[in-house]
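Each of the next two complexes has subunit A plus one more chain, namely subunit B in the first and subunit C in the second.
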Partner chain A sequence: MHLSHPKTPTAHASHLEFHKLRTLPSRSFIYSYATLSALTATLLVVLILGLLAYQSGSAIFEANDSLLGSVWSPAKNQYGILPMLYGSLIVMVLAMGLALPIGILTALYISETRSETVRRLSKTMLEILAGIPSIVYGLIGVAFLSLWVADIFYLQTGRVILTASLLLAIMILPTIITLTEDAFSNVATPYRENAYALGLYRFEVIKEVILPQAKGDVIGAAFLALGRALGETMAVMLVIGSLDRIPTPAYNILSSAQTITSKLGREIAESAFGSTHFNVLVLMSLILVVITLSLTGLAHILFKSAGSND
Partner chain B sequence: MPAVNLKTLAKEFNYAMPQTSKSYLKLVGEKPAETAIKAENFSAWFGENCVLSGVTTQIAKGRITCIVGPSGSGKSTFLRSINRINDSVPRYKMHGSLSVEGLDLDKKTSSLTQLRAQVGMVFQKPCVFPRSIKENVLFGLRGHKISRTEKDQIVEQSLKSAALWNEVHLRLDQSATTLSLGQQQRLCIARALAVKPKILLLDEPTASVDPVSGRSIESLILKLKHDYTIIMVTHDIRQTKRIADDIMFFCSGALIECGTNEFMFSKECSEQSRLYLDEAFCEC
Partner chain C sequence: MTKQNAIISLSCSLIALICISCSAPNHVSVSGSTTVLPTVSKAAESFKMETGQTIIVNAGGSGAGFNQLGEGQTDIGMMSRDITQDELDRFPNLNFKIIPIGTDAVVPVVSSEIYAAGIRTLSFKDLDAIYSGTVDNWSAFGGPDKAILVIDKEASSGTRHTFMEIVMGDKNALAPGADLVLGANNEEQTALAQSDSAIGMLSHAWMNADVIGLSIKQNGVLIDPTLENIRSGVFPITRDLNLIIRSDIRPEAQAFIDYMLSAEGQKHVANSGYVEKRP
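This part shows the complex of A and B:
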């Protein structure tokens, strides 16, 4: 070893000193910097939550009896948030119901054909799709999707729950495909090979080996996509129709509605700061943040438990 | 540049010729055994990297054929080509013909699943599914309609043949991942046996087990010989001498020579094979 690196003892010592001088402080610097950043981030989250809670606290006092109703009419001091909660829920469920099966099947196709070309091509496409700004999706929704929906179902307006869900499904599809495809590809090759070597058909390998192994990651991916669907504002706002009412019957997805995000997007700038109207909007945003945070937390737990499985 | 030694050149040329299969047929006896696997000018690539070149040989039914050769010489690749597991490896290409029990593997029409049900394989690294021991044994029988008692019979029979029954019969419902590595290897053998294949491909079945389990697997292989055609890769020359009927010697992707156990360990075989088998020395 010392033959290949001829060094005088002094040179070696000075090298060591240099090493000490250079790395030790910088390492502790990195540690403190990281700690600081982590603290700042946590503090920010707490701060945001605190501010939201503070503002919305007064909303609960000011609009308490109307809050859980389904009538939204600031002029009559009615602030029912149920239509928005319901709108968010139904749009999210529909979008997930559409995107999840399609996404998982597509991901299975990409990962199980085991073709590098297919994989690379589709990954590039998905990256491009995921990178398109949501306002562009919104424009596509307004210009094409809502018109098609109106045509197909003979509606006066195509800006309805179904259109919003379809658009949202398209928007979260890249996320779902990318994440679940990773989950499927991460199933170790030997499992596949052993299963195929036992004479199992491809669908049996998928059902018995791939899906069970990737289950945790797939659920995690679904939750992340769910969070994204819940938080999407622009595109949804443009095609949901902005009707602050629970449709009748409730399952009528061909009627206009309102989600939490579209409501906030429309009205937060117009409402006077500190007014009941404003505070109720803040309360809704708090609800949104709490739901999104718990979904993310749930996704983390599921990802983790899936990781510790094998 | 040194003068070319004609003798070595001729020798080298000779090694590369597919004459080996002729000498092999001669050595097997007047009436050659039925062939289970027949390779003709079979080559394989991973991308641009040629890992098997022009392998021509026949493997006899009901015998134990040991594949030996240095690491990276393409033994596993040859074995994995037989049941076409390599097909799903990206950038894998093959050329030439390789037929198993008369099913020509080149023709896309022959069903891979049908082929794989006839050719059981135990891989170099044991890999059990994260399920119970019992489910692992029955894994290849999914889609078959079998009654409970039949299932139990198959599990018992397969585990007994794989010399694992005594160790696990009280914990069949425990996860297979709790087994030791050597036990997992034998579970893989049991799993392959449960499908009742005709041919058994074993890739270094004793490499990850202790000498005692290794011996028990060896005696198991000798027992199985009566019902199966066995092709196994091994690095253990003494083991080869103990159990092989036929030996194939691979080096740098070429089948250098093959012949019966007696022939390959006699003085008649080529210099290169003799060097590898006797002195663990290889110059390719």
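This part shows the complex of A and C:
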């Protein structure tokens, strides 16, 4: 309590000192501290990228002839990364294809047609959903989702690309809904009021006013979710079947596969540091980081341009 | 609570937290094969009751156990296979010692539905055909007209090394017939139980009512995967369960190794469904 009245004449000496301490950092100190923090953060990113590139550089030379193949067998010096690359991309595309339309429509429904109370409540629930650890989703996937998928499609096993994509879609849905809902709610009321005053129906208001206004933020939200979908390890690893093979035909999403993250999760502990096996795993993670970083960068630019529109 | 008090108590609890993590007793850590794990963790519990020494047991697989030992992240590695030359070459400056604590069999196992439908035995040739993908239907062995769900294990798994070495003649043999690749024993056990047409390779101790072991047909004779047949060496796919140590082992860890080899420790090997090394 006494801290809020530091200038009362009865204030204790030590409190005065404390008050002095609080005002001590000068402008230049704070400035240089902030600069240093920013530089450290940047340096970390550069360092991580540099280390990954350094480690994986030798992999390209050591495993060059097998790298672009589809046979993975470290004991036989075969390091084909295509199945993993394919798995990561198809799982991501499917998950986004499932989650994005549902997420955007849900967000529109919550923000444009429901009351403030419902909006608050559903957002709270969604944020809880977003905070559930991925291993929990993975266990639910193994125990229920994979069995349902196997039953519905008469499969031998439910540990397939479709199951992983469904699970990922469920996992990224909360992120998409909360962020896009924010974007829709942030469209200034006068826009809506003007549109309604012109006699537009609700559907037209959404289509002609809300969506164009919020477009940048929605795309940004989508890219954030996409980054999570690419990087998710535990849940995908448990339900994808871990088979290093591109399905035949390639669009057969009811067969098992492997993603880069599930491969790393299963094998990184078993590969010796510095071995070709390890280096190729690092190379795959570099590819993943580059994809994620460029997508995040893209999302950043879109967020920024949307901000300057207002 | 004032802001100042809050800051003080927060920093106090932080310091306390750091102290706790620093002053953790010098526990012994063991990690590696999920086949060896049940035995070792039971023994670790009774060892702690007797001596007060904490043993922390982690899974990870034979390959990971060896790597962690070599890199100094664990005191004892668990392996359900031998160390490969390739693995030894990774740590040329270290001396490793293999201590067998029990014997186990790797058994071809099937979903209970397949067993009930009459598949009781397979030969090495049959298993080879299934894993290399030339046969993909149970009807080829007199079973129901159902596609075989072939479950393979991760490449560095001890169970896989043993099975592939003995059945297919190469411990790193590829399995183009595989439909799923799984890691730990319990992961494979779950997948077998969930399916009604699966085959996999599993440690003897992990079989149950849903996951049933097959006999091996050799020269017209059926050999059941029983403890007696494993003990006598008649069952063809067996391997040692090993603890791996480095020559610079700490005395606390050595004490646990001695315990594992004592009559008391060997009881846990038998209780887990394996064959003791020192009866």
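Observations
Convention: the second predicted complex is superposed on the first by the 283 of 310 C-alpha atoms of A that agree within 3 Å, B and C clash if a C-alpha of one lies under 4 Å from a C-alpha of the other, contacts with A are read in each partner's own complex, and residues count from 1 in each chain.
Just so we're on the same page, contacts are C-beta pairs under 8 Å (C-beta built on N, C-alpha and C of every residue); 3 or more make two chains touch, one makes a residue touch a chain.
Everything quoted here is computed from the prediction, not taken from an experiment.
Applying the stated clash criterion after superposition on subunit A shows that subunit B and subunit C can sit side by side. Of the two partner chains placed around the shared chain by superposition, neither subunit B nor subunit C is touched by A:217. Touching more residues of subunit A than its counterpart among subunit B and subunit C is C. By the touch criterion defined above, A:198 reaches subunit B but does not reach subunit C. Of the two partner chains, subunit C is the only one that A:270 touches; subunit B does not reach it.
Contacts of A:181 after superposition on the shared chain: neither subunit B nor subunit C is touched. Figure legend note: subunit B and subunit C, brought together by superposition on chain A, show a least Cα distance of 35 Å. Residues common to the contacts of subunit A with subunit B and with subunit C across the two structures: none.
Within the complex, the subunit A residues that touch subunit C are 1-3, 18, 71, 73-76, 142, 146-147, 156-159, 241-244, 256, 258, 266-267, 269-273, 275. Of all residues in subunit A, only 114-116, 188, 190-201, 204, 208-209, 213, 309-310 touch subunit B in the complex they form. Interface of subunit B with subunit A (complex): residues 83, 85, 88-91, 113-114, 116-117, 120-121, 123, 125, 127, 129-130, 139-140, 142-143, 188, 191-192, 195.
Interface residues of subunit C facing subunit A in the complex, by the touch rule stated above, are 2-4, 60-61, 63-64, 67-68, 70-71, 86-87, 90, 147, 149, 154-156, 172, 174, 178-183, 190-191, 194-195, 197-198.
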